[in-house]
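Next, two complexes with subunit A in common: one pairs it with subunit B, the other with subunit C.
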Partner chain A sequence: MSQLECVDLVKAYGGKIALDHVNLQVPKGKIVGLLGPNGSGKTTLIKLANGLLTPNSGQILVDGKKPGKDTKAIVSYLPERTYFADWMSVEQTLRYFSDFYEDFDRTRAEQMLHQLGIENKMKIRQMSKGTREKLQLILVMSRDAQLFLLDEPIGGVDPATRDYILHTILANYNPNATIIISTHLIADVEQILDEVVFIHNGKIIEHTSVDRIREEKGMSVDAYFREVFKCSENW
Partner chain B sequence: MGWTFEGDQPIYAQLVYQIERKIVSGIYAPGVQLPTVRAFAAETGVNPNTIQRALAELEQIGLIQTQSTSGKFVTLDADIIHDIRQMLAEEQIRKFLFAMTNMGYTATEAADLINQYTGKDDEEDEPTGMC
Partner chain C sequence: MFGKLVKHELYASGRVMLPVSAVLVAISLLTNLAGRTLLSGRHNFSFLNLMCILVLAAFFLGIFAIGVVAVCVMIKRFRDSMLTDQGYLTNTLPVSVHALVVSRLLTAMIYFILVGLVIMLAVLLAGAGTELYQQAAAGIREVLKDEYFREVIQSAELWKMVLQLGVTGMLSMIASCLMMYLAMSIGYSSANHKGLFSFIAYFVISIATQTVVNAISLPLLRIIEDGNRLFALNFTAVILLTLAEAAIYYLGTVHMLKHKLNLA
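Now for the complex of A and B:
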C-alpha cells in the first residue's frame, strides 16, 4: 500500500484551481521531493495530506485512510512558517509535543537541542529565525511517525543552517517511513532524495527518481527542473 | 572526508567510484568494517537508499562482503582489490591519452612527456644537454 495516494484530487479556492485532477502514489520508505515554483500547489497538497484542507473532489489517502484522527497520529508536519508563540519557552514546546503526540521522543529532541546549545528555559522570542527553524524541525523529526510532511524546511535560512537541517533529516530517518519535502531549492536537497515530483499549475508533470533523471538526461535534477520549467512558460 | 557529487552522473555511480578509490588507496583497508548505511548517509549527505544501491553494486563486484550479523566489510581478497585498482588506473590513462591526442600528441610523445615531468628521463637526458 502507498504511504500517500491521490486519486483524481481536485482543490480549488473560490474559482481558482490549486490542484487539478492529481494522481499520485508515494511508496513507503522513500524520501520524496515535491518540487515546483511558487504557487504551483505544493503547500495545498501537503495541507490536504494532513487534513488542514479538504478536497473538492477526488480523494487523498494516507496509509489507505482519509486524513483524520487516525492519520494525524502517524503524520508529522512541518509547516512553512514556525507556529510557536513568542512567549513560549523550549520546555513548553517540548511539553506541547509530548502532550499531543504519543510517538514523540523527548529524549531524542533534547539531545539534539543540547548539541546546538539550545537550553530548555530559552524563549522563542530570544531566538534567531534560523534557531526557530531548527527547533521546530528537531521537534517534528523527533516523532516516530510514518509520514513526514516538510513544507519548505530550508527556505530562507543560511547555508550552515541548511546543512544542519538536511543532516538532521537524514540522521533521524527511519527507513520504513516516508518523507515528503516541498521546496524550490532543488540543488540543496537533490542528494537526499529518492524520488522527485514536479508540480506546475496544480498538475503533476513528472514523477521519477533522481538517479533516473541523471542517467537518462545526463544532468542534475536542478538543471533538468530549470529546463522543464523554462519550456513550460510557453504553455 | 571530502565527498562531492557532480550533476551529470547518477549519485549512486559516483558513490561506487569514490568508495572504490578509498578501498584501493587503503583508506578503507582490507578486512575493515565499513560504516553502516545510516552513518554513510550522515557522512555523505546522501539518501540511504542510494547508499544501499551503491553498496550492493560494490558487493557484486566483490570489493565488499556482508556478514549478516555484523555489517559490511572490505574484502580480504588482494587480487580483486588489485584488479579494480588496475582498472581505475587504466581509466585515468585513457582519459589522459584522449585529451593528449586531441591536442595532437601521439601516445609515445605523451609517455615521453610524463617521463620528463616526473624526472625519470632527466638522468639519461641531462648529460647530453650539458654539452
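Now for the complex of A and C:
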C-alpha cells in the first residue's frame, strides 16, 4: 500500500483550478521531492493530505485512509508558517507536542534544542525567524511519524540554517517513514532525495527516481528541472 | 485528548482572564477604602476626594470592562487558534473538529461563569462593612421577614422559574458564542477581507435568526389565552428555540471548519 495516494484529485479555488486530476502514488520509506514553481499546486496538495482542505472531486488517501483524526496521528506536518502563539515558551511547545502526539520523542527534541542553544524558557516572540523555523522543524522531526510533510522547509532562511535543516531531516530519518519535501530550491535538497515529483499548473508532469534522472538523462535534478520547466514555459 | 484541549485552552485564555479578574478584585478593595473615606466626610482634601471618585469610577468601569474582555478573549481565541496561522497546528491535531469546537466553547463558558462570580465578589468586597452595605443588608432582612415574601421564596414555582431562567440564560450564552464562531468560520473562509466578512456574516445570521424566531413564536403567543400557561409555554418554547438555534450554529461551524477552511 502507498503511503500517500491521489486518485483523480481535483481542487479548485472558486473558478481557479489548483490541482487538475492528479494521480500519484508515493511509496513507503522514501524521501520524495515535490518540486515545482510558485503557485504550481504543491502547498494545496500538502494541505489536502493534512485535511486542511477538502477535494472538489477524486480522493487523497494517507496510508489507505481519507484524511481525518486517524491519519493526523501518523502525519507530521511542517507548514510554511510559524504556527505557535508568540506568547508560548519552548517548554510550552514541548508540552503541547507531548500532550497531543503519542509518537513525540521529547528527549530527542530537547537534545537538538540544546545543541542549538535554544533554552526551554525562551519565548517564541524573542526568537528570530530562522530560530522559529528551526524549533518547528525540530518538533516535527522528533515524532516517529509514518509520513512527514514538509512544506518549503528551507524557503526564506540563510544557507547555514538551510544546511542545519537538511542535516536534521537526514539525522532523524526513519527508513520506514516517508518524507515529502515541497520546494522550488532544488539544488539544496536534491542530495537527500530518492524520488522527485514535478508539478506544474496543478498537474503532475513527472514522477521518477533521482538515480534514473542521473543515469538516463546524465544531469542533476536541478538541471533536469530547469530543462523540463524551460520547455513548459508556454504551457 | 478532549481534556488536554480544554487544559491548553484554559491556560491560553487564563493568561488574560486571571490577571484581569485579579485587577478587578484589587480595585474593589480600593473602592471599599474609597467609599469609606468619602462617606465618613472627615477628609476635606479635594485631591483625596478626587482620587476616591476616580477609584469608584474605575470600579464601575472595571465591572463593564471584564465582561467586554471575556467576550473579546472568546472571539480572539477561536479566531487565532482555528482560523489564522495557529490553525495549521490546531487543525492538524489528531482530534475531531467537534472536540476542537466544544473545547473552545466549554472554556469560554467556564470563563463567563468565572467573570460572573468575580463581579459578585467584587461588589461584595467593594461594599463590605460600609454603612450602605449594612443598610442594604438590613433592608433585605426586613423583606425576608414579610410573610408574603417568605411564602414566595419557599414555593416550588419560584425555584422552578429560577432554574428555567438559569437554563435559558446559559443556553443563550452558548448560542451567542456559537453564532460568533459560525460568523467567523464563514468570514474567514473568504480569500480576502476576512474580518469584514465575519462582521457581515454576524449581522446576516442575527437578522435571519430574529426573523425565524419571530415567525415561530408570534403565532404561538396568539393561541394561548391563559396567562400561566402562556408563561410556562414561553419558557419551554424559548429553551427549545435556543437549543435549535445553538444546534444550527454548531453544525454550521463544524461544516465550515471541515469543508471550507481557508487558512491564509
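The rule we apply is simple: the second predicted complex is superposed on the first by the 235 of 235 C-alpha atoms of A that agree within 3 Å, B and C clash if a C-alpha of one lies under 4 Å from a C-alpha of the other, contacts with A are read in each partner's own complex, and residues count from 1 in each chain.
To be clear about the criterion, contacts are C-beta pairs under 8 Å (C-beta built on N, C-alpha and C of every residue); 3 or more make two chains touch, one makes a residue touch a chain.
Owing to the predicted nature of the structure, the values given are computational and were not obtained by experimental measurement.
If you put the two complexes together on subunit A, you find that subunit B and subunit C both fit without a clash. In the superposition on chain A, A:29 makes contact with subunit B only, while subunit C stays out of contact range. Applying the stated contact rule after C-alpha superposition, one finds that A:2 touches neither subunit B nor subunit C.
By the touch criterion defined above, A:85 lies against subunit C but remains apart from subunit B after alignment on the C-alpha atoms of chain A. After overlaying the two complexes on the shared chain, residue contacts for A:170 are found with subunit B alone; subunit C is out of touch. Within the superposed three-chain model, A:222 lies in touch with subunit B and out of touch with subunit C [touch as defined at top].
In the superposition on chain A, A:193 contacts subunit B only, with no contact to subunit C.
In the overlay built on the shared chain, the residue A:208 is in contact with neither subunit B nor subunit C. The minimum CA-CA separation between subunit B and subunit C in the overlaid arrangement is 28 Å, rounded to the whole angstrom. Once the two complexes are overlaid on chain A, none of the subunit A residues touched by subunit B in the first is touched by subunit C in the second. Chain contact summary for the complex, subunit B toward subunit A: residues 5, 7-13, 38, 41-42, 44-50, 53.
Contacts from subunit A toward subunit B in the complex involve residues 29-31, 163, 166-167, 170-171, 173, 175, 191-194, 210-211, 214-215, 218-220, 222-223.
By the touch criterion given at the top, residues 13-14, 47, 50-54, 69-70, 72-73, 75, 77, 79, 81-85, 87, 96, 99-101 of subunit A touch subunit C in their complex. Taken in their complex, subunit C has these residues touching subunit A: 1, 4, 7-8, 12, 15, 80-81, 85-89, 91-96, 191, 258-261, 263.
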